[in-house]
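Chains here go by letter, A, B, C, D, E, F, G and H, matching the order in which they are written, and residues are numbered from 1 within each.
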Amino acid sequence: MDHVQNTQPDMWEVAGRRFTSRLIVGTGRYKDLPETAAAIEASGAEIVTVAVRRVNLSDPGAPMLQDYVPPNRYTYLPNTAGCHTADEAVRTLRLAREAGGWNLVKLEVLGPPPFLYPDMPGTFEAAAALIKDGFEVMVYCADDPLAAKRLEEMGCVAIMPLGAPIGSGLGVVNPYMIGAIIEHATVPVLVDAGVGTASDAAYAMELGCDAVLMNSAIAHAKNPVLMARAMKAAVEAGRLAHLAGRMPRRTTAAPSSPMAGLIR
Amino acid sequence: MGQTIQIAINGEARGVEPGATIAGLLATLGLDTRKVAVERNAEIVPRSTYASQALSPGDQLEIVHFIGGG
Amino acid sequence: MDHVQNTQPDMWEVAGRRFTSRLIVGTGRYKDLPETAAAIEASGAEIVTVAVRRVNLSDPGAPMLQDYVPPNRYTYLPNTAGCHTADEAVRTLRLAREAGGWNLVKLEVLGPPPFLYPDMPGTFEAAAALIKDGFEVMVYCADDPLAAKRLEEMGCVAIMPLGAPIGSGLGVVNPYMIGAIIEHATVPVLVDAGVGTASDAAYAMELGCDAVLMNSAIAHAKNPVLMARAMKAAVEAGRLAHLAGRMPRRTTAAPSSPMAGLIR
Amino acid sequence: MGQTIQIAINGEARGVEPGATIAGLLATLGLDTRKVAVERNAEIVPRSTYASQALSPGDQLEIVHFIGGG
Amino acid sequence: MDHVQNTQPDMWEVAGRRFTSRLIVGTGRYKDLPETAAAIEASGAEIVTVAVRRVNLSDPGAPMLQDYVPPNRYTYLPNTAGCHTADEAVRTLRLAREAGGWNLVKLEVLGPPPFLYPDMPGTFEAAAALIKDGFEVMVYCADDPLAAKRLEEMGCVAIMPLGAPIGSGLGVVNPYMIGAIIEHATVPVLVDAGVGTASDAAYAMELGCDAVLMNSAIAHAKNPVLMARAMKAAVEAGRLAHLAGRMPRRTTAAPSSPMAGLIR
Amino acid sequence: MDHVQNTQPDMWEVAGRRFTSRLIVGTGRYKDLPETAAAIEASGAEIVTVAVRRVNLSDPGAPMLQDYVPPNRYTYLPNTAGCHTADEAVRTLRLAREAGGWNLVKLEVLGPPPFLYPDMPGTFEAAAALIKDGFEVMVYCADDPLAAKRLEEMGCVAIMPLGAPIGSGLGVVNPYMIGAIIEHATVPVLVDAGVGTASDAAYAMELGCDAVLMNSAIAHAKNPVLMARAMKAAVEAGRLAHLAGRMPRRTTAAPSSPMAGLIR
Amino acid sequence: MGQTIQIAINGEARGVEPGATIAGLLATLGLDTRKVAVERNAEIVPRSTYASQALSPGDQLEIVHFIGGG
Amino acid sequence: MGQTIQIAINGEARGVEPGATIAGLLATLGLDTRKVAVERNAEIVPRSTYASQALSPGDQLEIVHFIGGG
């Protein structure tokens, strides 16, 4: 907390890179690319997740994400959304590395709909292959403290347990296990997926997360740009509250004005 | 007047000129080499080798780029 | 929302006064007056609640709140903390009006410890007397939608239901009734008391409150100045999220990356 | 040579000079009139009248100011 | 607890009458009178609430509640549902007393839709008039510990705060205030309104309520008779758990098998 | 539900055995064996979990569990509590099978304190070995719907996700994932671990569990025998409520007495 | 020969024979006196007096019974 | 007149008579064979073979029973 009190910036570090913003945002599900750009700018995010997909050969000149969300301004974090096996995830990220030239990636090996729950055996397999191949892996996972510890011991650079299913907006359903993961981690822990509104993001940060990753909560809000501003403030609020140390809870009242000196 | 050779790009059958390279193919397709990545028969093709790699009949190419995703 | 999108300030109004900050803070329970001043400045509050107490005749030269929290910079909102009858509350606020020269006041008629729950009959009686006497009454009350409506109809300028008992830090325990009060009110509604940490404040604002009033959550945090910053951000976050319109909740997942164009 | 008259201030018995006014009392007590308010026998005393109001035996005064409160 | 352990019945008493069942059920909202009778029998209730309404002059021979829910078997507790003023409530209960010959009644003075929240000033007024007129008043009220204490001091024989709005099925939304009311009451406290399913009823009893009153949770279940059986068991379960004294909560694990003697 | 309505018993089946009681209780953590016997009898359980431990050679004549909880009356379900590897678990259950002659077992491969969280890779490994060796495996696991489905496909006869860490008494923290597991399972699903009091058990059953397994909630209650009775009733209540189909939730009120026929 | 007198029962206008009593009225209406209660001009009518109370023109009667309610 | 052979039971070193069987050992230890199970060098010993299995020097035995557990 000292560095905060003496007003040095409160930064966090992953894979040797330092960031000020503790909000990582996805770039999917927006109305169009201009809205994507506006929302991401409003969020203050320094890292954005991106998907890797086949070029549309029938329309090679179509506007591209890079033209609206410049990779020289934002750190691209390629994901493996849609990958349901370790092989698909590894192939996808090797292509991402070649396309972008960076090796910091988000690994997610997902189970089938309707839950898209992290496939932990597939995740372990893919993480091992990627780390062996020199990637720096930020890993989406279950809120399982043992699995989180193993992924860290394998060499993952950030542990990203779900707060709730992708796109559900249910918030951080199991704060006990998220707290357990944070308590025992020596690498950054991010809540990834589940955040639905600002108070959810603040709550995740109050638990002690290093950062929060979200997409739908912003992109599916009625007004994504306003919600992006809300999330920027919420993550800052939750971080500051975590550093400040909340008051204790009590089930009875405690007066906030002095009892002495009342008129009679 | 050489006949074309058959390859698959992103799952679609295509005919290309014999001797065509990946660099040539990307140019033909109107793709910016700095914004895409290419996998050939499940192997990454380093960008530096696009010009030197000639396509062979039956090649399976994946040409990808970044799009919005969460 | 337009005014927000076209970046005009998102202000709120009570008793004809307009404010930008939606956070009202108490000035009690701090270590000393310098900490009080620092925390209030960090909170960005424009309105502060103050108590009225007998002068300490044995030490008339002691430092005074006004010297640290200048009334010409902050709107003083005198409260009736410690008053357990309507008469005490009315006498106290008449003295406050004479001392400060303003008639915007916070009325709270409290029941006994350990809950200090709003005494609603006493509150109605005091509110009637104060309004008759020309005061502009912001009233602390139970989360009772009928009582809230009556207080509004009597002429109270703001309705301030408790989120939880004073100093409890339990947050907004009954969002249904706070929501019910907001839905039917035509004057500002503030959650007063109960907020414990940043996510509580954001949540209160997401429900649609016009502002939030707190004291202990900041003053009793381990680091009050940091928590004041957290609360400033949290109230802004919750307000923006309310304006933005949150995504719908669903108990299953929805992918945030496109399913089309996956490599095979 | 006049004996003092007895009043109560904030619940404490006090003696003051006969003819003393509220303004005089506040000065004697070292209080800044702009930062306090005075109630006399349960009635507010307007600040503008401090100088003209002489204290009477048995007066009950409340002298208050603002302090930190939530 | 002794009386429980030495297997004497665990009874509760209101207005000098002793009951074994801690479940009071309403008789409204059923498909027909036979379903009403079957559900009430399945609930094991000894007290049922009933409404007072004008006789249908055009069909005086229509089947009547008494024919299906015999007053000599069940204690009828006339209510004032639909009364929005003290006068209406008092007139209604005087008619009820004449019709039934008993003076144990349920007072509810309700605010307007959509919340039907207890009208506390009207409730105080009606309670005073009824008690003066010799009624034994079980009173529906807000979850306001001060109001509850006053109603008890006025002479009400049971305090019945809402768990949530009538017919909402939201459960016990504010356990802190229900707990506060129970802690300070010397007459029976019942949660009335809000229970939606069995676990809600068990939870209310675990808080220390003497009994629970419900109608919609049973009548609006898909299968009212089964739900009546569920509620009977749930109230017993919650009562026993309250008497038994639950284990402490902890955020970490504690093994339930001995660690000694493991094979190696 | 028909079988319930026409009053045939509502039984459940695991590994070809049919049971009426949906409460499985542990036999650990009691004051002594007589208390163990009394609590288990009060719970109405038909299945009890037991641990396998080295005989105390220095006191071979010490009273034994079988003398108080007769295996011919209760179905013994040997567990692997304390086993942190698949090998330990398999060895332990082979000894259990030889000691008891039955092959229905509870598999739990646990991570280290303080969470004793299910070690899912170890659990998969042990489950495979046990099933191959002819055991009928009821498996304790994370609230991970993919892992649950795989364990079922491997041949486990019951899936038993944790509601919360063993001995924590936090209840069912993630009802969404427990519900997800139930929705997609074709074998019985039990909540195992986490239940703290009666309403937790009722809630687990309302979610649709086939049964609930607990130990600490009973053994660590102030009065274990009373709590055992509470849990028996709570499980029945939750089961009946699940079958009955709860009323819908609404955030506004719905009157439970007719509005017609009010006096005027 | 007697013309009816007008009263209101449960808000509906009704004509009854002059001299009719509440007991008579209930019998005419086919109501079981043990299952209803009667209010006359906002005053409870004790069941024991049904037979002795003759109706007067303009009487406002409420006749109620118990129905299912929560 | 044979000296004892050394084995380990539940991790404790023990000496037993040469030729002693598991059945004999259990009897010596005062254990009810119907309530325990025996593992010898990490292999289950079927109860039916207790009488026929003679112990060998260095045998590692685990003798277990059921106790209360959750």
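Note that contacts are C-beta pairs under 8 Å (C-beta built on N, C-alpha and C of every residue); 3 or more make two chains touch, one makes a residue touch a chain.
These figures come from a predicted structure and were not determined experimentally.
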{"item": "Touch-network distance, chain B to chain C, counted in steps", "value": "1"}
{"item": "Centroid comparison with chain A (C-alpha atoms), farthest chain", "value": "G"}
{"item": "Listed chain pair A-D, A-B or F-H that repeats interface B-C [over half of contact pairs the same by residue number]", "value": "A-D"}
{"item": "Inter-chain centre distance, chain D versus chain E - centres from mean C-alpha coordinates, in Å", "value": "57"}
{"item": "Distance from chain H to chain E - Cα centre to Cα centre, in angstrom", "value": "63"}
{"item": "Whole-Å separation of chain centres (CA-atom averages), chain E against chain F", "value": "32"}
{"item": "Of all residues in chain A, the ones touching two or more other chains", "value": "26, 28-29, 51-54, 79, 81, 91, 95, 115, 117, 165-166, 168, 170, 176, 215-216, 219, 251, 255-258, 261, 263"}
{"item": "Two or more partner chains touched - positions in chain B", "value": "10-11, 39, 62, 64, 67-70"}
{"item": "Interchain pairs in contact, sorted by label", "value": "A-B, A-C, A-D, A-E, A-F, B-C, C-D, C-E, C-F, E-F, E-G, E-H, F-G, F-H"}
{"item": "Contact set on chain A toward chain E in their complex", "value": "176, 179, 251"}
{"item": "Residues of chain A that touch chain D when the two form their complex", "value": "255-258, 261, 263-264"}
{"item": "Of all residues in chain C, those that touch chain D in their complex", "value": "26-30, 33, 36, 49-55, 57, 60-61, 64-66, 76, 78-79, 81, 91, 94-100, 166, 214-216, 219"}
{"item": "Of chain H, residues touching chain E in the complex", "value": "10-11, 39, 62, 64, 67-70"}
{"item": "Chain B residues within the chain A interface of the complex", "value": "9-12, 29-31, 35-39, 42, 44-47, 62-70"}
